[in-house]
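In the two complexes below, subunit A is the common chain; its partner is subunit B in one and subunit C in the other.
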Partner chain A sequence: MSETPAGVIHDLGYRRYDGPRLGRAQIVRALTWHSFRSSFGIGRGVKAKIVPVLACVAMCLPAFVNAFGVARGSPRLFGYDVYVPQLRVVVLTIFVAAQAPELVSRDLRSHVLPLYFSRPMRRGDYPLAKYVALTAACLLLIEVPLLILYVGTIASAKNGHGVWAETRALIPGLGVGLMWAVLMAAVGLVLASLTGRRAYATGIVAISCFLTWTVSELLIQAEGGITSASAGARIGGLFSPFNILDGVRIWLGGTSPGEDANPGHFGPLYGVVAVLLLAACLGGLAARYRKLSMS
Partner chain B sequence: MLSLFNPTVAWITTRATLGRKRALLFAIPAVVLIVVTVALRASRPPSRPWPSHVLGTFGFSVLLPLTALIIGCSVLGAEIDDGSIIHLLATPVRRSSVIMTKFAVATVLTMIFAAVPELIAALISGGGDTAPVIKITPGSPPVVIPGTAVNSTDFAIGLFVGALVGAVIYNAIFVMVSAATTRAIAVGLLYVLVWEALLSNFVSGARLLSVSHYCLGIANGIAHDVSLGAGLTVLTSVVMGAVVTVAALALAVNLLSSFTLKGEPA
Partner chain C sequence: MVDTMPPSQYWPGGTTPPDLSAALPGGTTPPDPPAALPGGTTPPDPPAQAVIQTRALTKVYPGNVTALDGLTVGVAPGVTGLIGANGAGKSTLIKILLGLLPPTKGQATVLGRDCQTSGETIRTLLGYMPEHDCLPPDVTATEFVTHLGRMSGLPPTVAKERAAESLRHVGLHEERYRLIGTYSTGMKQRVKLAQALAGDPRLLLLDEPTNGLDPAGRTAMLELIGRIGAEFGISIMVASHLLGEIERICDHLVAIDAGRLLRADSITSFTAVSEVLAVEVEEGLAQLQQELKARGLTATVAQRALLVPLGGDDTYDVVRDAVADLALPLCRLEQRRHQVEELFRGDEGAAHV
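Presenting the complex of A and B:
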């Protein structure tokens, strides 16, 4: 035990452990993997699996419907970059609202953070591990249906040219999915870490995501819909994370009709707001765990 | 009737609900509604059907259920959550009286935080016109029939009455949900997001079981505004609303009568 780093409590007064100490990197990796598993309810009871499983089924269903449709000769039903926009927004809201508190609120509620921080682990490592885990979970939830959509479509492709066209359409779609996962995981975690009571954390995340989304949709609708070119419709999407993401997609060259009007010359503004929002959420998350009292 | 309403329980519930920082949350949706209405009112003439969309769709399927959800789940749910419900249930107050009192308090609070803002926003919006209709007959120039102005007072009163009724029905449901499960807010959110906001606006058969459409039906009975998109008649709305309310309250009383305190849920 002579090589034990100073300031780390290893001997908690229970049974001795003389094996190798794996250190900080391994702790972060283990915490990430554990959080990733629990964001799908793996390793928990049946009750914890209900929401993730339902969310995955709801997201994949349209992709399977598409596989049947394409097999009967119709063109691909959904775009890779927009993929049933309203369904994706609602399912992702529910998933993040249910699972982000699962990752952070439980630890706050049961006061186990002092145990985590008495390991050789920095203050920033805990939120980092949680964020990576939730991002990966969201990524899986968003990208797997796209891959099913892709496989279902190319299974009926007539020639190599068709396969190549689908692949070229798929890649930006995967990029959009990555953007969604990165931003929504940050938004969800920072809101959920505000309170240790899971019910209220769920409420805060869901209400803020859903309320802002409806307000944005409403403004765009009132200003003439997604085909409108009025300034009001163009900046109407800035009020909700989902619509900011869609605005960025259109700015970067997406052409499928999604949720937003074409932002036109406001496009860079969407990009800036998206980056600022992400920075604010991650900064808030880091600050939350830096200032956390140890009780 | 008096035995169903216990003033002491009502007073304690009101104080517990409004006395915390959480009470500020109640006002957020209402503030959003009024700000959006003012912004739209300032930026354009009230000739488009936006007041009906803002106040009907947003008001009845987002603002009203979310406010009712937070309030309805916290009047009973907060006490179940921290375990202090046991003290109330140990007193010789009838369980039906507990439910009815808490339901009444939640309804009145929801009316203040959701129905009154709805009325204010409706008055600010000034009613608006119905959408103009363009008739195209082959061989003659298209004829534009301008929209008829909706009586602005009727519009506001219709929405107000619809919101009042909605406060009653939604709270009956959410009080029932919080007696049924310890995860009331999650279940209630799922119901609001999936059923009220998504399904009932796309699947027309779901309207018959959607509270927001009862509200729209009743509001439309007074306002007579086509763009509210009411799918149900007034009679159907009133009957179905009453059935849902009574059924939810009866179920809530039944659930609380056989209530057992479980362990910590979170």
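Presenting the complex of A and C:
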């Protein structure tokens, strides 16, 4: 550095920029797009792509296999709204645990945030961009297999009626996927934003998701399983975000039988808890970055 | 190299005789950079439109910690040093100027805009270099500066161009495709400066830019900042706790202590009152002092030299005549400047009374 002939700079001259500047909304969009790409490891090293690629493969493989099966005459095995539920829980947990820290903990670790906050964005814009990006990434991970399955199935549909039936089954499935993405991205980000250490952040997210899920499952089992009508079994699902999501799905009229939770007449409670959890996570995220921007 | 030195490296009323070029063979007159002009004769621009203006700015943190205490100061265009010990309120002031921290009382404007209400607009016009490390190790400098250029509102291709240009301006052209993690501390500081420069700011806020650098790195960084201020036409406010260091590149100085203004003035107005002539003789110091007094100059003894306030060119003549008349062995006659630090120290003492 100091051996660089400093005089060189003198001759190059400085150019002003008088062209158009993007507004705040466009800057936030640029950050969202950047974060969305990095949540799949695009624009990052090979190592950053391992988890996203494996997660995508794991999620899409059953859909592919089943789509092929449908083409050979076997029935569609997975419901769009409960597509491989156990696998989805595991894969989504791993994905969020690995990629939420990628989006927020890295910036915390390297103290880049003051550089963002000293730019035109407002203080809430940074977490907003990160949240939208991770939600979109989760959505992609959840919905693409459904679309593969859908396309594979309607390709073998015999008539318009079959296509219509498939489409009607798909739409609630996409809705459920959206619900999952919206809630799990919020849970993952707020937990990951607690620490700048990636390993810790991943651990916190993964353990929180798995632990609550296990606790919730055990409670339901201890109370007689999902077929049990006891109140314990019905509200046991409230201890895990995944089971809350499944409970809300059933409450909203999901026809496929639940694997985990069966809310019964506690359905509205599941809805309320889901909204509260989402609000708490987003509020926590906003508060966290508000504090960070002032320090 | 010497030609590109910032103007402030040449002390006002330098001892170089003005007829030096006449003594050189005709035609080979070295290009005389404006920097070589006696700085004392070029008055600083009057603070026509202040780039920063605060009025009774007060910030009290929870727990009754007062970081700024009724600070009223105007900063003119050019390079301004913001001097204060750690905890004097420099960083708090910068946060308020960036519109990130609401003041408890008072008002601050940057480039004519109110910091509390126009934070977004101000931040498009500002470049900020934080004090602490703020670089991710696992991206290249180009990627990083490009991304932050985008965050400053530059369109994608412009951001790329300006990132390359900014990195070249700070002297990181060759290394810009390397991961930042492989950089030395000096190079990292340059990346921090480049990202502040990428958005084409009208004003740069640099918080302790020489932090963690070795002496050579400090000099290089200061030269770079001086050059940005002098040649790029960007106003700069440099916060530092090392006065002796940044006075070389500043046009103005603002000193704060415990959140209050100690003194704000142009550097030339400091030098105007601080120029002294040091006269050293091998013997007869007291004799000379008396002789000078008889000729109307009050000289003070400092170690082995006499310090004579420098009134004008005739002071040299009076001293020369006095020494010649007394036939004293003169061994040194030099023009000195008080370090601005001393002036502040005096002031500080007064401020605490």
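The rule is short, and it goes like this: the second predicted complex is superposed on the first by the 271 of 295 C-alpha atoms of A that agree within 3 Å, B and C clash if a C-alpha of one lies under 4 Å from a C-alpha of the other, contacts with A are read in each partner's own complex, and residues count from 1 in each chain.
As a convention for this text, a contact is a pair of C-beta atoms (placed from the backbone, for glycine too) under 8 Å apart; a residue touches a chain by one contact, two chains touch by 3 or more.
Being a predicted model, the structure only gives us computed values, none of them experimental.
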TODO: Examine A:P75 and indicate which partner it touches, taking first as subunit B and second as subunit C; both and neither are also allowed.
DONE: neither
Open item on the list: For A:R119, using the defined touch cut-off, is the partner it touches subunit B, subunit C, both, or neither? Pick first, second, both or neither.
Closed with: second
Open item on the list: A:R21 in the overlay: touching subunit B, subunit C, both, or neither? Say first, second, both or neither.
Closed with: second
TODO: Considering only touches as defined above, state whether A:A30 meets subunit B (first), subunit C (second), both or neither.
DONE: second
TODO: Of the two partners subunit B and subunit C, indicate the one touching more residues belonging to subunit A.
DONE: C
TODO: Classify the contacts of A:S105 with the two partner chains as first (subunit B alone), second (subunit C alone), both, or neither.
DONE: first
- [ ] Would you check which partner chain A:G45 touches, where first means subunit B only, second means subunit C only, and both and neither mean what they say?
- [x] second
Open item on the list: Show me the subunit A residues, by the header's touch rule, that subunit B contacts in one structure and subunit C contacts in the other.
Closed with: 106, 109
Open item on the list: Show me the residue ranges of subunit A that touch subunit C in the complex, using the header's touch definition.
Closed with: 1-2, 4-10, 12-17, 19-24, 26-27, 30-31, 34, 43-45, 106-107, 109-112, 114-123, 293-294
Task: subunit B to subunit A touching residues, read off their complex - done: 22, 28-29, 32, 36, 40, 43-44, 48, 50, 53-54, 57-58, 62, 66, 69-70, 73, 77, 81, 183-186, 189-190, 193-194, 197-198, 265-266
Task: List of subunit C residues in touch with subunit A within their complex - done: 1, 3-4, 95, 98, 100-101, 119-121, 123-124, 126, 128, 130, 132-138, 143, 147-148, 150-155, 158, 162, 165, 168-172, 184, 186-187, 190, 195, 199-200, 216-217, 219-220, 223-224, 227-228, 231-234
Open item on the list: Residue numbers of subunit A touching subunit B in their complex, please.
Closed with: 86, 90, 93-94, 97-98, 105-106, 109, 196-200, 202-203, 206-207, 210-211, 214-215, 218-219, 221-222, 232
